[in-house]
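A, B and C label the chains in the order they appear, each numbered from 1.
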């Protein structure tokens, strides 16, 4: 293949990564923006989504598309439920104090991993894609499913954006993010908003996982790398900034894809992590975030 | 705390702990003998972390890199450069110091959550670098130091670090030294400043303290102590592998310190010891009753962290200090 | 009268926060040994002004000269070492430390040895009347005592200029009387700059008063001059009877 063909291939791969990252990072960013909570267990919600997707698709026989659609509905709902439970039982009791919350979410990370290990086991298992349509480009064939993932993610992102900016629920969320006390004095049930936002964040991660699991395999440790990448995206884009998250996801996803093709993936990760650390050190508001009030 | 009789009590208490640990080596059965040696070295790691997290109030998630600076500083010089044990140990210490100051200068420009993420990132970079330079570090497989490499030649006598009795003594000596260094540090004006920074940094600045320099000093001390633990680990137990640089190994000292009691001098050893045996015990118990459930330390660590932060944020000795023994440092 | 170089002088000092002109070009001068009060309505910029002086808030424009040196760009910890001590409007003692440890933090930088430190700390605590509570945790002290602890910390810094930000807020009448005696004692060794709303305290203690309004100095003078000043009355004091 010619160089430009390889580049195109790398770009497409990068777009798939970017799509998944955008959804995941969006969840993380929402949670931090509204609740000021860093959820270290966010990657585990992702992993849970993948594992549940495997469970659902395996349970429902017949055409893979059936199981997949079922998984797309069931997995996020279940993961949202887990998130809601942990928010009520643990995070609320800690009154969302930053340091305590982080320690608690680290604990949750381990617990969820253990549960996955116990019920799913240490193996990686594949999930069949809902359809195996191949797009034939002039230079190479490409999985139609991957293109569908990109498309679906864009739809999900637009939907989330619409919810946030055009619906009352979205307005309530943004008001709580902007000024918690004022929101409370306007009668907004801040506690319930927090619970729903936390669940929503987890559900977005789960959706990303269901989409990605036919491409990767489901494994109990698969939450680690996407978590770090999501952190990177959220920091570069600016914690709490929607637009920033999207742009950063695109940047990181594309560069990860392209650099990994041409250089060693380890080196790519080193460079990405170093850039993030330095951005946070010298420009803590990221590229788009507003300086803290 | 106004100086007074408490001083004598404090020193006696810590001497008693140190003496007890010394005497234990004569009564412990073989398995536990080895565990205690390992625990004492890891407790040094926890004590180093306690200075930054417990006393200064900085939640770092990258401290594994300081342990590994010592681990590889000693391990690589012995393995590739044929260095003797004492200079290798020093190499470990110096590596820890340089890394701590370098990381500190950058990371301390941030606070709170940002600091956490920056240290997490730097820790990740360190881990990735150990993999990238697998040619020297052998990555996850790690390097094994042979018995011959771990002997100290003092004139005619040979001190063999692979001998369990010697190993215990050396671990004990390191632990005791670091324990008293930490004790001295936190009871000095410097220790008070760190606590003040943790409680209210702006106020501390307006009392005339350059808080950046103080925090950097805390990082430096912490880095050297953690590196000492790492170097000792490599030389005493003969292994240096990339798994020690993973995030998990940065979370463990957090857990040990929280269990024992953050910002207490004896908390780290108590926490490390307890968690070791808790994981061990629950592993055996759970695997006896629930075979095939793949139960591992993961669940225990997770549940411990959540329960601790919800119900016992001050840990064991922290609660003891608050309720009964107010003079406990 | 010979011209005395002021201890503290600001030239056109100011800071804006977005559209809010918190402090808008203040020329201020304070001589060594004075007891000066700054008064003015809420939002006049009094706390922001002293925060600019002690370094809590960075200056937007203008100059600050202390002891003949330009300190405009000096970090706050350096200014404390130069001799400026600030006690917070909202009590900022270390709640989880004992009264002794609180004051020790203020004193230990300058104390030569451990025994000197003990002497200095007990002296400061005795001066404010908290010597018998030295081992109590600051959070267990009454609000009034916490305010006194703040002042003890300020004293222990051995400052040239002690800035007190609304020190009598929340104190009982008896505590206020004790406080005034304390300030007169302090003023023997240090210059005192005091932000106050309590007019009784201001009129009793202050040798000169500076009135601020909307980020600027409205008037300056002796208590009698200020009392008689029509502009001040209109803006702040109210006409006629005393407060």
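Everything below uses one rule, namely that a residue touches a chain if its C-beta (ideal position, glycine included) is under 8 Å from a C-beta of that chain, and two chains touch if they have at least 3 such contacts.
In this text the structure is predicted, and so the values were computed from the model without any measurement.
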item: Core chain by centroid distance, with centroids computed from Cα atoms only; value: B
item: Relative to subunit B, chain with the most remote C-alpha centre; value: C
item: Centre-of-Cα separation between subunit C and subunit A, whole angstrom; value: 51
item: Geometric centre distance via CA averages, subunit B-subunit A, whole Å; value: 34
item: Centroid spacing, where centroids are CA-atom means, of subunit B and subunit C in whole angstrom; value: 44
item: Subunit A-touching residues of subunit B, taken from the complex the two chains share; value: 59, 106-107, 109-110, 112-114, 116-118, 120-122, 124-125, 128-129, 131-132, 247, 251, 254, 258, 293-296, 298-299, 301-306, 308-310, 313
item: In the complex with subunit C, residue positions of subunit B that touch it; value: 1-3, 189, 192-193, 195-196, 199-200, 202-211
item: Subunit C - residues contacting subunit B, complex; value: 54-56, 75-78, 80-81, 85-86, 88, 92, 94-98, 100-101, 104-106, 108-109, 114, 118, 121, 134-135, 153, 157
item: Touch list for subunit A against partner subunit B, complex; value: 38, 90, 93-94, 98-100, 102-104, 106-115, 117-118, 121-122, 224, 228, 231, 235, 264, 266-267, 269-270, 273-274, 276-278, 280-282, 284
